[in-house]
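Chain IDs A, B, C, D, E and F follow the sequence of writing; residue 1 opens each chain.
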Amino acid sequence: MRICWIHPTTRNDALEPLWAKLDEVVRPVLNKETELEFRFLPRSGNFVRSLYAEHINSVHIVEAAMQAEQDGFDGVFLGCWNDPLWEAREVLDVPVASVSEQSMLAALSLGRRFAVVTVSQKTSVSIENDLLAYGLSDRAITRPVRSIAPESDGDLLAGAVNDPYKEFIPRVEQVAQECIRDGADVILIGCAYYGPLLRAAGYTEIPGTGVPVVDSSTVALKYLETMTDIALQTGLVKSRRLQLKPPARDALDRARQSLALA
Amino acid sequence: MRICWIHPTTRNDALEPLWAKLDEVVRPVLNKETELEFRFLPRSGNFVRSLYAEHINSVHIVEAAMQAEQDGFDGVFLGCWNDPLWEAREVLDVPVASVSEQSMLAALSLGRRFAVVTVSQKTSVSIENDLLAYGLSDRAITRPVRSIAPESDGDLLAGAVNDPYKEFIPRVEQVAQECIRDGADVILIGCAYYGPLLRAAGYTEIPGTGVPVVDSSTVALKYLETMTDIALQTGLVKSRRLQLKPPARDALDRARQSLALA
Amino acid sequence: MRICWIHPTTRNDALEPLWAKLDEVVRPVLNKETELEFRFLPRSGNFVRSLYAEHINSVHIVEAAMQAEQDGFDGVFLGCWNDPLWEAREVLDVPVASVSEQSMLAALSLGRRFAVVTVSQKTSVSIENDLLAYGLSDRAITRPVRSIAPESDGDLLAGAVNDPYKEFIPRVEQVAQECIRDGADVILIGCAYYGPLLRAAGYTEIPGTGVPVVDSSTVALKYLETMTDIALQTGLVKSRRLQLKPPARDALDRARQSLALA
Amino acid sequence: MRICWIHPTTRNDALEPLWAKLDEVVRPVLNKETELEFRFLPRSGNFVRSLYAEHINSVHIVEAAMQAEQDGFDGVFLGCWNDPLWEAREVLDVPVASVSEQSMLAALSLGRRFAVVTVSQKTSVSIENDLLAYGLSDRAITRPVRSIAPESDGDLLAGAVNDPYKEFIPRVEQVAQECIRDGADVILIGCAYYGPLLRAAGYTEIPGTGVPVVDSSTVALKYLETMTDIALQTGLVKSRRLQLKPPARDALDRARQSLALA
Amino acid sequence: MRICWIHPTTRNDALEPLWAKLDEVVRPVLNKETELEFRFLPRSGNFVRSLYAEHINSVHIVEAAMQAEQDGFDGVFLGCWNDPLWEAREVLDVPVASVSEQSMLAALSLGRRFAVVTVSQKTSVSIENDLLAYGLSDRAITRPVRSIAPESDGDLLAGAVNDPYKEFIPRVEQVAQECIRDGADVILIGCAYYGPLLRAAGYTEIPGTGVPVVDSSTVALKYLETMTDIALQTGLVKSRRLQLKPPARDALDRARQSLALA
Amino acid sequence: MRICWIHPTTRNDALEPLWAKLDEVVRPVLNKETELEFRFLPRSGNFVRSLYAEHINSVHIVEAAMQAEQDGFDGVFLGCWNDPLWEAREVLDVPVASVSEQSMLAALSLGRRFAVVTVSQKTSVSIENDLLAYGLSDRAITRPVRSIAPESDGDLLAGAVNDPYKEFIPRVEQVAQECIRDGADVILIGCAYYGPLLRAAGYTEIPGTGVPVVDSSTVALKYLETMTDIALQTGLVKSRRLQLKPPARDALDRARQSLALA
């Protein structure tokens, strides 16, 4: 089985330690037979803390997903909480999963009410819109997606590769404790990168609470692995009616050509 | 006051009678001081019956909206039920309205439970997703957005410019009667073009039911006119916190450049 | 076009500066062709901070609305957040709008989650009941309607005519900041009079938050103006099925006669 | 214990057989110590199939309720599905119950999803609004309140006093069977008079379905009897905070005086 | 009429003062003709602060309820907030009520939004699951069931028999005040024993708030009394369709035999 | 990895062809390293079409799950739509999954609105209660769980082992087509046995609709496999706060002893 993890940005050399760490932390959790390839976007504004910027970036992500399918991948992983999940599912014939949806679904099996702790106010808006569209608000707390403060930036992320305890974890705990007071019993890390870093650092529970801190990326990727396995062995990929019914390819390509994509 | 109506397609000469009719039917309803300009997209796949195709087309629509603001328009009208409403609102500083949202809000003042009769199955999915995101399902019937069958195509639309009674209205009535049986007391026409055509033809009620057939485009455009007037006279345009907080322009432009848009 | 603004009380001379200010602030925002007439109730207990007292007062308001229609007004504005909106709509054949409903609908286009800051605990209950009946709770925060403390009284209102910054605004800000912490990005002023006073005083945003403070009265009145324009030009007023279906006039009059109203 | 049943109309001699039957059917179900007095409204339009007519009639009902309390009744029963329940509760210090609320609450203990079969379209709207305000829609079917057709009139009611099987029951069964197909397992009769008549006639189940037909009046009255007993013996009547907090009596009376009621 | 109150535990001699007090406080509120018998479980783990332990204990409770019916009781009261309400209703032919459901329904008639103050975290989870299953969350506050801290234990309960003011009431008030700040206007005591003790001690309102403290047990028992009276006099017990349709007795007994219960 | 599939009945020799078929169809879909063991209940009434019978049987299932954990299984699969999912999760320290929950979660990734087609009316009630408790009703159609008619029995099941097309599939299609008309785009087979049989027979789509027929058992089992893998490799099993917090073992065992289980 071959799975393609699509990053939401172009390759940023400054973050090489992150990419190495991610590979090191995530890959071993997959089945031995599973091949995982990380791909960066060929083009991207590398900026998604805006509805419209995310919308634009989602075009690049869908295109990368289509390319991955064409390149023979059996499953496609959208490696960012800002994702074009339903659009990608519509046009692909292989399983597509996102960190966001799959980790939220996993959370439903881990406890009673989850919360997502994410990296910026704007991202919290976007994730909450997804959560509502997924129909999951009854299983999450009030204001289910909350941001750390100050928000994350490149320095915080780079620093967390080596030691998340120093700066990132205190910010997470402050928000997570509020979420727990408001009824959360599961905390999802609302960023594709911090989750694996926390797990690698052995930080898997908000101390003293019994509340797990979920490495959403790894969990979601494992769920995709099984979705893909189901597809390969039973043929079940998705509904082909209404929302996910694939469009006629030529019509779709005319749309893509309008952005010089096809 | 200057308002820009953005069509979701490039100009299609075959539909000139439609454009003429639309202008003839809609313009007189606006205030005398209001200037209305119809604009077509410079580029478009002219195809939105697909989540991803709509997503792509939404990029062209937001770009056209930004251009309209730059050209000095005071309000921007997204003239299609497939629209990037929140994305456009985020990046513009003038009022933005869509047929969809504004006509649904208007429907709340016209009755108790509305339904949308639209032109294709795929469009019905898209509109229902919007309706849910707008939080309006308690004011609409179960399965609130339903398509005529057979679906609309260019011929049906062209035919309706001259005589909607022959082919289009019978299809609408069949669906509308089902909606009324399920509790609807207001019917929105879920297409930016058929609404004005029905009104022009004097078709304003599902016969014998007391249920108005709403020319959603005209109603929504009038609401935009007043939103724009409010903005011009009181400065109230939108919240600048969380969802609609505008991104930093340079960061946004880097995102747009990734699609060669800025 | 002639619009009638119905006050929820008899004329109170002590508040003449308020009436003058209101006229001064609101009228210029309307179209030049729009005639606006303020009417007071001929009879009223001038007391609505009670479900039953509001219920009684609503009779006077509906009667005034019927009188306004008979006097040739093209649209009727219920100028208080305690209003008999659906009852009035049922029996009138011209558009009826209330501060409450129309400003809430407008809020949906201004942000993601609104809150109403109102003038008393009892009013907050009443407005929340309306908000729930309008089906809008998914677009508002938890406990979406909150009162200033201490509650408003005649002195506070009279004082705010000249200078709302001294006493009224600090009370608003305290509540509004709580609402913002709970997720609000739009604040509606839950009183027909304070809204225009705040706008007149240039207070249009909770400082430093990006959250607009909406002069609900002016916004709602503008929406009524466009609803009335739509009615005049296209004939669309309301559904005549189920909830808003008008009763037989003679039967209704027998009911009115039981209170010596007809 | 003394309970006052308030009819929603003035006394109509033509319906004497109904009043006699009602007394005969309902009284024996109460405890021996309970005194029941039926009271008609001194004034009424005797017409409630209109939101505004119901609103007016509700004034008479609240006044009658206040009078009943003043006359020493220990509990007040609003004997019509069109009722001013919360308004009456606010201003009274003894338990107030309505057919509607109490029978719906009882239904929650009788099955999983109830439906109300009522006597006119307009009444169905009114009851459904109450059902929504009571927050019970999750326990009722879709379109939970449905009317018989043709609607009820005086002749149907008079006829049902002697023999409901001939005309009324067939109309009920037609609607009830639809409700059962849509998931109902309890049917409430949505009229204060037909319920006791059906029970008196031994019609207590939609034949062959296991679905009880609830004489809502009797059930609701029994619930009021126990609420009143609780009040008499433990002092528990209602919350005195927020919605049901009683207004200052002098202010309320000024409001009542505006309709010449106090 | 004979009613059986089923305790959720075996008889615990150490709590004799509680049983005596309970009898003393509750019995007089019932009608004179009503016979009340308290029964303890013949077997029990006497521990329900666990989903599975509660599940096991529920078997004993349903068995006791079946035995009570067989012994001729006319109504069965499940005297604990951890209860197998729907299971018992399914298999019995007489009315069954629980503290939890009936007191929540009663709360709907007492105010606008209730909260339950209970005795342990685990119990709060269980009650909230019931509240959601009953479809009542729109009438309760956010996080509608909250526990005192420290949690209750045998000493606290024993102490409260003589003087609840010393230790129990301060813990209740702390939680109740939070609930009131979050919008509650009715407080239900979420334990079958503390409610009567508080009432016996004259503690019926959170001081200074107008919010009643409901002795849920007594209220629920009175509701059962009237449900039973309705059943005896009109035959109305429950729906016999879908959820509450009784299973074939022999099949049920085979299931019971698997636990050596039949 | 060792997974234990717990049947909800004792071993029934008459169904040996089913057990063989099940093993043959399901096992190959698992990873090669995964050991799967089917276990029957040592005791059972073999009857769950009753709330109380299901409740009793759930005790046997939880006990079997505890035994499986003690026997060293890494994951436990509750192989029936009638399941004690949350109770089992509470007391076990390894992942527990049920056909019901996991296949519903999987459905959320396969389409927009699912429906469950199950084998009896009583089962449909039970599954719908679970669906509501899981908070998934916004992603399912109205009346989301529907039964075939006539209901399934041993003969139908035995017959379907060899040829489901003859009798079972026509019944499924009739219900499924109704579900699709009501908006379903994914059909879950609401029985642990029929799902694999349909898949084995190559019946994977409601013909001509694009709607997949999901073998819920296989899909759910695969999800459990990945949940178990996640647990083994990262330690993430469940929240240990509130609902799923494990009880003290000695207290739990006292409860179990009351049924002679410990």
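A few notes on this one:
Please note the rule applied: contacts are C-beta pairs under 8 Å (C-beta built on N, C-alpha and C of every residue); 3 or more make two chains touch, one makes a residue touch a chain.
Chains and their UniProt names: A, B, C, D, E, F = Hydantoin racemase.
In this text the structure is predicted, and so the values were computed from the model without any measurement.
Of all chains in the assembly, those touching chain D and also chain F are B, E. The chain with its C-alpha centre at the largest distance from the centre of chain C is F.
Averaging C-alpha coordinates per chain places the centre of chain A 45 Å away from that of chain C. Remark: chain E and chain F have CA centroids separated by 32 Å (rounded to whole angstrom). Chain centres here are Cα averages; for chain D and chain E they lie 28 Å apart. Those residues of chain A in touch with two or more other chains are numbered 112, 125, 142, 183, 242-243, 245.
Arrangement of the chains shown, judged by which pairs touch: an irregular graph that fits none of the line, ring, star or complete shapes.
Inter-chain contacts occur between A-B, A-C, A-E, A-F, B-C, B-D, B-F, C-D, C-E, D-E, D-F, E-F.
Contact residues on chain B toward chain D in their complex (touch as defined above): 112, 142, 182-183. Here chain A touches chain B in the complex through residues 43-53, 55-60, 62, 84, 86-88, 90-91, 121-122, 124-125, 129, 132-133, 242-243, 245-247, 251-252, 254-261, going by the rule given at the top. Of all residues in chain E, only 28-29, 31, 95, 97, 101-102, 105-106, 108-112, 134-139, 180, 183, 185-186, 199, 204, 209-212, 214-215, 218-219, 222-223, 225-227, 229-230, 233-245 touch chain D in the complex they form. Listing the residues of chain D that touch chain B in their complex gives 125, 142-143.
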